[in-house]
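This report refers to the structure that appears directly beneath it.
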Amino acid sequence: MSSTYGTIFKISTFGESHGPAIGVIIDGCPAGLAFDTDFIQHELDRRKPGQSRITTQRREADEFEVLSGVFEGYTQGTPIALIIRNTDQRSKDYGHISEQFRPSHADYTYQTKYGSRDYRGGGRSSARETAARVAAGAVAKLMLAQQGVQITAYVSQVGKLKLEKPYSELNLALAEENAVRCPDPETAEQMFDYIDGIRKQGDSVGGIVDCVIKGAPVGLGEPVFDKLHAELGKAMLSINAVKGFEYGSGFAGVEQLGSTHNDEFYTDESGRVRTKTNQSGGIQGGISNGEDIYFRTAFKPVATIMQDQDSVDVNGQPVTVSGKGRHDPCVVPRAVPIVEAMAALVLADLYLRNKVAKV
Amino acid sequence: MSSTYGTIFKISTFGESHGPAIGVIIDGCPAGLAFDTDFIQHELDRRKPGQSRITTQRREADEFEVLSGVFEGYTQGTPIALIIRNTDQRSKDYGHISEQFRPSHADYTYQTKYGSRDYRGGGRSSARETAARVAAGAVAKLMLAQQGVQITAYVSQVGKLKLEKPYSELNLALAEENAVRCPDPETAEQMFDYIDGIRKQGDSVGGIVDCVIKGAPVGLGEPVFDKLHAELGKAMLSINAVKGFEYGSGFAGVEQLGSTHNDEFYTDESGRVRTKTNQSGGIQGGISNGEDIYFRTAFKPVATIMQDQDSVDVNGQPVTVSGKGRHDPCVVPRAVPIVEAMAALVLADLYLRNKVAKV
Amino acid sequence: MSSTYGTIFKISTFGESHGPAIGVIIDGCPAGLAFDTDFIQHELDRRKPGQSRITTQRREADEFEVLSGVFEGYTQGTPIALIIRNTDQRSKDYGHISEQFRPSHADYTYQTKYGSRDYRGGGRSSARETAARVAAGAVAKLMLAQQGVQITAYVSQVGKLKLEKPYSELNLALAEENAVRCPDPETAEQMFDYIDGIRKQGDSVGGIVDCVIKGAPVGLGEPVFDKLHAELGKAMLSINAVKGFEYGSGFAGVEQLGSTHNDEFYTDESGRVRTKTNQSGGIQGGISNGEDIYFRTAFKPVATIMQDQDSVDVNGQPVTVSGKGRHDPCVVPRAVPIVEAMAALVLADLYLRNKVAKV
Amino acid sequence: MSSTYGTIFKISTFGESHGPAIGVIIDGCPAGLAFDTDFIQHELDRRKPGQSRITTQRREADEFEVLSGVFEGYTQGTPIALIIRNTDQRSKDYGHISEQFRPSHADYTYQTKYGSRDYRGGGRSSARETAARVAAGAVAKLMLAQQGVQITAYVSQVGKLKLEKPYSELNLALAEENAVRCPDPETAEQMFDYIDGIRKQGDSVGGIVDCVIKGAPVGLGEPVFDKLHAELGKAMLSINAVKGFEYGSGFAGVEQLGSTHNDEFYTDESGRVRTKTNQSGGIQGGISNGEDIYFRTAFKPVATIMQDQDSVDVNGQPVTVSGKGRHDPCVVPRAVPIVEAMAALVLADLYLRNKVAKV
């Protein structure tokens, strides 16, 4: 009962890394939305493995099939089921881990919680599950685009390499121009080389993905528990390898004084209420205020490395876990479309919830 | 539909800052739990205003009444309703803001989303709502204590003043000995003086609350969306003034390599599977692994300050917002029991959900 | 976690028959609804005990207090908490049943499920809980009335005494003119005398409540599980003592042929699509079609009777249960406002859900 | 958001009658359940079309594929996705209804609610969706069978032909021996001939399905809204063509007196608390009491008939709807496994919910 997210625009994902297929049902997408299959495939392609030499060499076409909910090119208000067949599974690569607990993976906790686990490629705990989120998120993006909402994520840090400029000084469109998805070409090149070096060492490294949402109307987010940033935080933290989330001034805001941190209001020339600064990250009292929504998500170094590590087996006996298989030395380039997809799912749901806020 | 949290151990809070009462219903607390009213009142007392000169001088006894769900000292499996009457409301202090949007408060977003707002003391957006969470969290703590789970939060940073020691080197019990709730007495004193100075300036400052959970069994947390840390993150981010959340190695983990970041497994002398390090913060694949659960929550400087600020009124006209009323110059000392309460609510729910993981 | 109903217009009730209070939180009522306290009290008065000599002589004023969610006469989009203090409890009347299982009551099942029970007046299983539903239902009615939706229930059968006329031949407004709430004065009088006779025997008898909803727009109800009639059915069956539910042609429709049962469409003079007959009870494919919604709910004879009955005690030993306390010899007159309230809650929720059906 | 049922054992169905596939995700099935694919296929075969000449001649193998959640023959606690490809679609049979509203179908209400509809074979409103429920219900049955719970439904009425004997006097196993699924061979034969005659007339007729659940433990069902019979009622009413539901004494119980209707308790020779009679249908206060659970579900005559009917088109113009395609002249024989499946889904969910009733 935990593979479901959303209150009105509700998704349920399913599938193991090496089972027959992964997929998602969207139950609650409104009727009448033009269903752009090319766009959805494009989003899946942004996430798929094998895009460059700094991502895993697993080869999956990640082509999706629509099983329901779409008729003559439009959504019908009925559940939309999307599936992606698993094609390049190489299960034999994983046979050796059937009895071992890989460090900082979910092997031990799944085995203990459920009494068994599908060990092939991490089974349900594999990041492959996020392809289903990207597919669903693409549908959410289609709905939001109709409302003028644009979501853009990019890589702002890899290891200690930081993009120092704020997003307002960047051309975010450049992020898609390079394999790292960093919108500053020079920094992107440094990051690429750094990740490639880490890859050659058989090691991995972490990074940070920033996300900016433009065009969101005032009013998205619900008071108390389902605040916009609380939902965004949960959504981001539910992505594999995420260790932290902050929005607006974030952790750094802690050190400021209220007198400098507060965002003063003014009325702009068009008569719209605006804030002079945006330490709030576009969210006040858990509700969007019409400014850019801005947040950052921290990813740890991927747990799979091509080095020997000490561990124990399912009987608690010491073993050496040897790195095999294929992996991403740094997850953030492929995490960019996942962050965007989860943000889209959060906003789509809160957009629909906001439709019933007033009589 | 947003004042409800939890799947099995489900709470619904209600109440405005200056309405007749605030309160909470717990729907899903198992029957047979000894209902310790003294403990619940003790937890409320830890959160209540007026505890020292660095917290707001609003005077509320915050005594709660049990309306249902408890019979002869035990929970009955039926909804537990707890209410706290609002006693010291001084609504006239707030009349001046009925037409103004205070910077970095929820005034503007509520007004726009709902078409009106109860402006008295922030109405529903007031942090007073968290008293209801603390009451419910105390019930969750009672259930968890039976399972050997102990939750302890403390202040680790105020402005730029940081407690540099990791929690393992601290005597966490000392946190309750001082008004700041920092377990290092010397740092606590510095923090107190700093906050008091800020108070005299009529300003405010942010801070960080750390939380450590000991004794949690392996298996709490659900795969995919309702990961333990995703639920903790949402719960913390839903607290007023929170801007960020991280667990285990957190944002700093980004800069590490996988080879040093991974937590290798071993079997301890009692035969239990353990990890040598705990960068995972006690959570792997979204599920508790039996190590200490550890996370940090960042609070911004409180938006209410005793200084003049530029803003606009409900008609978009420029106004000067003058600081009046009572406020906390730094929210973190009183946030400690709130963080603990939300953590308890998350764990109580996931503990019950874990009971149905296997046939 | 079972005292909650609704997806958007969500209610949570609480309270035991002889505890301090009962009440309800409405989480999801839109902002901007004029909150008519007189109307709500009027609805509670229709349900309250002691209205005539054929209802229980328990005396409860059933005055409600609003704890939150309403400001300056309007709902705020925040949770509305309503409580009703229990005043005439006479707990000593019930002491004798603390150790006994009353036949066809919930004593045995509660005791076994939860390991204990608040036996005073049935505790949580008491029909007193329905006062909270009536209060919440009154708020739902206020919202629906703005949309032109009118809900009217009435007694159509008591024991074997049946009101033979269909609702279209009755003046439903007459139902409130007599103690039985049957809109046919002559039948009402027979029913009254019959119930009064049953009362004198210390016995009880069942009955049927019919309900007609006029003015509902086309489109209420969701496909598949949350069909309008499935939600109505669940709502009615959740009322104490209900044994059956049917809508439109109901059980009698079973004996018809499709060629006579089908409701043919035509276009009326105003251009609106209508059906010539209404065997569908205003619902097709689970969705309202604009015709009158019509359903019937069967109530068993109340389990509490003033006669000796064989039973067992909590240790399984034979006992004689003696009828004491106060009771309704026939529940249907007071069930009328409860049926209406539950219907209103169903429609209010589906009305809001329908707002997000299309982009 | 309405194709989802259940709180812990949660299912989401998807699929249109003539789309690529229908299916279901079960999110919340515990780990460790032996997944008997033969049994699931057997249940689907009981529902599939073309079983005899009194059911629709549509030919669908209804073979299902498992996409996730099962590994080495056991459930893993992760979502179980099952799909059934649509093979015999003959969409051209339905082209003529793309512009027409068939009487007593969902065409008009879907078109109005969503602004469009997949008219092919009824699209989402087709009873074909129930195949997904039967597949999920079979998994629920597997879990319940481990607890000794057995669910058996059968046809008790077709048109005016009634099986007069109570279930206790029948050998329910005989129901599967004939095409009507009536456990009394003689009545079954009459029913078969009657339905066959109706079929030849191009007409349809209604019927009633009874259901008996043996072996359910005491304690299933939740107080207040999610009473066992309220959940069963909703589940049954959500099946296409259902018009009524009753349990235990049902509508007939209305005419009884409390003194004869009450089920007196006694302790049987094994020391178990029992009731002498079972007018309660195995449910008291919404919770199972250990006696047989018994309920009845009324199905209307199928709306599709092979006769001309008056109606209107999507523009409100008069049209004649001509019966074409294939249909069931009486739905109850094939409804039997659907009723059982829905009952199993209700009980599986309440069984898991009951696991967290006590500390």
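Details
Which chain is which? They are A, B, C and D, in the order written, and residues in each are numbered from 1.
The rule is simple: contacts are C-beta pairs under 8 Å (C-beta built on N, C-alpha and C of every residue); 3 or more make two chains touch, one makes a residue touch a chain.
Worth saying up front: this structure is predicted, and the values here are computed from it rather than measured.
With centres defined by CA atoms alone, the chain at the far end from subunit A is C. Comparing the contact residues of subunit C and subunit D by number shows a mostly shared set, over half of all numbers used being common to the two copies. Averaged C-alpha coordinates give centres for subunit B and subunit D that are 46 Å from one another. Note on chain placement: the centre of subunit A and the centre of subunit B lie 26 Å apart, centres being C-alpha means. If you average the Cα atoms of subunit B and of subunit C, the two centres end up 39 Å apart. Listed for subunit A are residues 1-4, 7-8, 13, 28, 31-32, 77-78, 113-115, 124, 223, 357-358, each touching two or more other chains.
Subunit B makes touch with subunit C in their complex at residues 1-4, 7-8, 10, 12-16, 19-23, 25, 27-28, 31-32, 65-69, 71-72, 74, 76-81, 83, 113-118, 123-124. Within the complex formed with subunit D, the residues of subunit C that make contact are 1-5, 7, 13, 101, 103-106, 108-110, 112-115, 124-125, 129, 157, 159-160, 198, 203-208, 218-219, 221-227, 229-231, 233-235, 237-238, 243-251, 253-259, 261-267, 271, 273, 275-276, 279-281, 284-289, 298-305, 307, 309-312, 316-318, 353-354, 357-358. For subunit A in complex with subunit C, the touching residues are 8, 28, 30-33, 75, 77-78, 143, 146, 223, 352, 355-359.
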